[in-house]
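Given below, in the form of structure tokens, are the structures.
Shared chain: chain A. Partners: chain B in the first complex, chain C in the second.
And then the complex of A and B:
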């Protein structure tokens, strides 16, 4: 098992601004870590540097304290799963799985045994003699994961492995990959731009923007206590409220829901507060709370999304189970536990 | 558009194929069984005599075998030279791509007669190569490079190189680069990546390149005629001799048909041996 550490890792392509800008990250043994961010944020470049496919401009990568920056990809002992699977089309499933073991000059019977074990692990023993072109997308995906794991690598890297699958299969594969990772106990780094994937699968989510780590932490921490508006917005829907510090309540910001305790700024300054749409309760007009009008209703069965507007013109998103059949134009009353507000850091 | 109307769209191509391909083939096939005439292309009636003459005479069969050997060696030579070139040209980071394409295609940009005479200047007993080697004192007498099989193979290799390089290049360009990365991450070094992954995946291109060059070399006329001269004749040269010099159209047709059957059979066997199960 392997602990991975990135220290001020940087990648600058010729004549450009840094694609990855001095990021530092500790990944404890056996953890499932997602690098989450929009395209161009540097997550894939980071993964390629970890795999050894991309030269490091500066900084260190260590596996269990051992510097691997100058170790070529073929000697890094890494299992890599590519977005398009990158299976060997001219080899059967069995041959694909055996390839990495043959490279390690392992004896035939031992290769047979380990390939068989992997086939069972990824539930493909009935397809061992098929060629990749004869498999479905989900099956190809399982071959790719199996091929990466047969060599019993130090770490497992996955580059948007579910991007090419349809929605239903994607959810199945999320569970499959997570279960497998837990069973094998391998340190895993998973690149994705899909926040739902990152949140549901990971021990640690690392949110990246513009070559920097914006925030790293457990999925729950990232979602409930985002540091910036960008992070808050990337991992889910959020209401951002620009509030003035309330002259009547020092240390509090004035919001439509009442004064919310904030840190630092003096009277008259503004702070940005985040409020998740599901933190707000919606009730018929007359109930205790702040009056608002419904502007839009998006009903999707289990939940319903409302867009509302306060008398002062502020808009608010509310997500709730469909308890009342509210319609557009209805007057309602909104209430919220003030502890659900999060004060965000300023972004410069 | 209905099924029947879309069929009409095939009509121009269909007519073209029938007029310029099917009819000439059938006509060659029929000619091969005709009786030679006196002062006319054909006499009356049909015969197998043209074929018994070819199959009963080692001169013609030996010549056909030699022609196929020239084809095979030319194919091998273009493969050995073309394979590394094709791999380099397929690199996505290649600079001056247009220039290199031009160089690869250059043998096809020069007229076939001019190109063949160019080779006689180089390969002749008093040609550039022999004079240079003698000037350096490396050889006493001239190396026999012209009027033999070697000269024909050299000249054919030059012309047909693009037909080997281009299909292989296309096949290599079609390989997903992450497949090579995957092989590396599994522990394969560069030579192993090439041998176990890239070469097998380039096989469709190698196969078509080999078939193209072999068929072209088998049927080539101008280069063997000019470089081989009177001493080495390929079947194609003998066919033209029979048609034009001695006016034996039925015999020429039978000879051409024999070569087509031998060549076609070789191509089928080759395709069968190099069949790719994963395709």
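And then the complex of A and C:
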């Protein structure tokens, strides 16, 4: 298995600002890593440099300590799954899976054996003689993953592989890919702009903006301890509270819920705090807490989203299981465990 | 009512297009001495005459040979040009396209005269078949170029990338992936090329060497002094050959396209 290391990896296209700007990242062996970010953040360019399809402007990529920047894509031993699958339309499923092994000059019987094993692994043995055009989207996806894995590559790269599938199939494939990756144990780098995909599938989520890594960490850390407002907002809904440092409680910021401890600048300065909507408890008026008024209700069965407003005019999003049938205009009481507040870094 | 008018209109157009063919085919079965329609009695005598006429047989042989050789060159050059045009021409794309199609856009006689002057200027002249062949390649190139470009426009470059990630080197990627996928365009272009070459007149007239004649030239020569149904028999055989090629196009390309 392979440990991947990026060291100040940079890509600058002629006459532009860097698409990828000196990013460094260590990916331990066997980990599932997602590069998450909006389009144009450099995640796909990073993947293409890993695959060898894009030249590196500066910086290093190493697999197990071995520099691969000057190794051409065809010798890099990577398995690549494309967004549109890129299955060879003139070859059957079997021929698609055998292609990479033929390139490696492996003997016929061995190819036969490994293709068969892959077909079983991706549950397609009954479709071996079909052409890609005769398969459903989900089946094509499994062929693409199988084709990338038959060559037993050092790393597996996936470029938004679920983007073209419908919602239900997408959830199935998430589980399928994750299970397969765990079983094979291959170091995997997965590019997506879908935070739910990144969160549910990954060991490590790498959030990228404008060619930089904004934050890298376990899904839980990214969600619960975001460093910046941009990261907090990209991986989920968030209430951002600009708070002044409380003159009565040094080292605390004044919020509608009370003073929150901050690693504080001086009195009178502001800090930005993040609070996830589901961290807030909502109760009928009169219960202990901060009074607020319901402005909007979005009921979606298992959960309900409220938009509320405090007396001072601050708006707040709350997400909860629908315990009380609150309606627009109702007065309610909000409470929160103050430990759920996160102080964010300033972005310049 | 409106539909009837449309039907009649369509029939009229088809009659206009196909009537000359019927006349030629009909006239070829003439039993009489002169090229007339309707034929005076039915007979295959002019076909027998044709098959004994070495001049025509040689002309057909020449035409087939030139069409075959020109097609091979056209397919190779036209395919390379199309690959460059679609994948590498960048901002010169439009210029490359116009250049490749220019033999179609210019009057054939201009191309023929220009080539004639050029061939004499560089000392090659028209003593050999070389000039004639160059002319035929030039005139058939656009058809290969157009057909292969169309195939390439629907070629997904991710296929090449996927092959690359699986370990395929450039030549293997071309042979195993791109070539099979643009083959329908190449075959279509080749068949067009063959039929067009078989039909070229002006270029052949100016660039042929003394003593060689393609079928259209030989027919023209023949009709200047003779007026027998033999010319119609030759034409009919050409038509049959052309239809055969069209049917092959339909069978081969039509089926191929279905698979994807």
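In this text, the second predicted complex is superposed on the first by the 348 of 348 C-alpha atoms of A that agree within 3 Å, B and C clash if a C-alpha of one lies under 4 Å from a C-alpha of the other, contacts with A are read in each partner's own complex, and residues count from 1 in each chain.
Heads up, the rule we're going with is that contacts are C-beta pairs under 8 Å (C-beta built on N, C-alpha and C of every residue); 3 or more make two chains touch, one makes a residue touch a chain.
Just so you know, these numbers come straight off a predicted model, no measurement behind them.
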item	value
Fit-or-clash call for chain B and chain C when the two complexes are aligned on chain A	clash
Partner chain in contact with A:312 - chain B first, chain C second, else both or neither	neither
Partner chain in contact with A:147 - chain B first, chain C second, else both or neither	both
Partner chain in contact with A:80 - chain B first, chain C second, else both or neither	both
Touching partner for A:248 - first (chain B), second (chain C), both, neither	neither
Shared chain A surface residues [contacts with chain B and with chain C]	51-53, 73-80, 82, 84, 86-90, 99-100, 103-104, 131, 133, 147-148, 151
In the complex with chain C, residue positions of chain A that touch it	51-53, 73-80, 82, 84, 86-90, 99-100, 103-104, 131, 133, 147-148, 151
Complex contact set, residues of chain B against chain A	176, 178-179, 181-189, 192, 196-197, 200-201, 203, 276-278
Chain A residues within the chain B interface of the complex	51-53, 72-80, 82-84, 86-91, 99-100, 103-104, 131-133, 147-148, 151
Chain A-touching residues of chain C, taken from the complex the two chains share	156, 158-159, 161-169, 172, 176-177, 180-181, 259-260
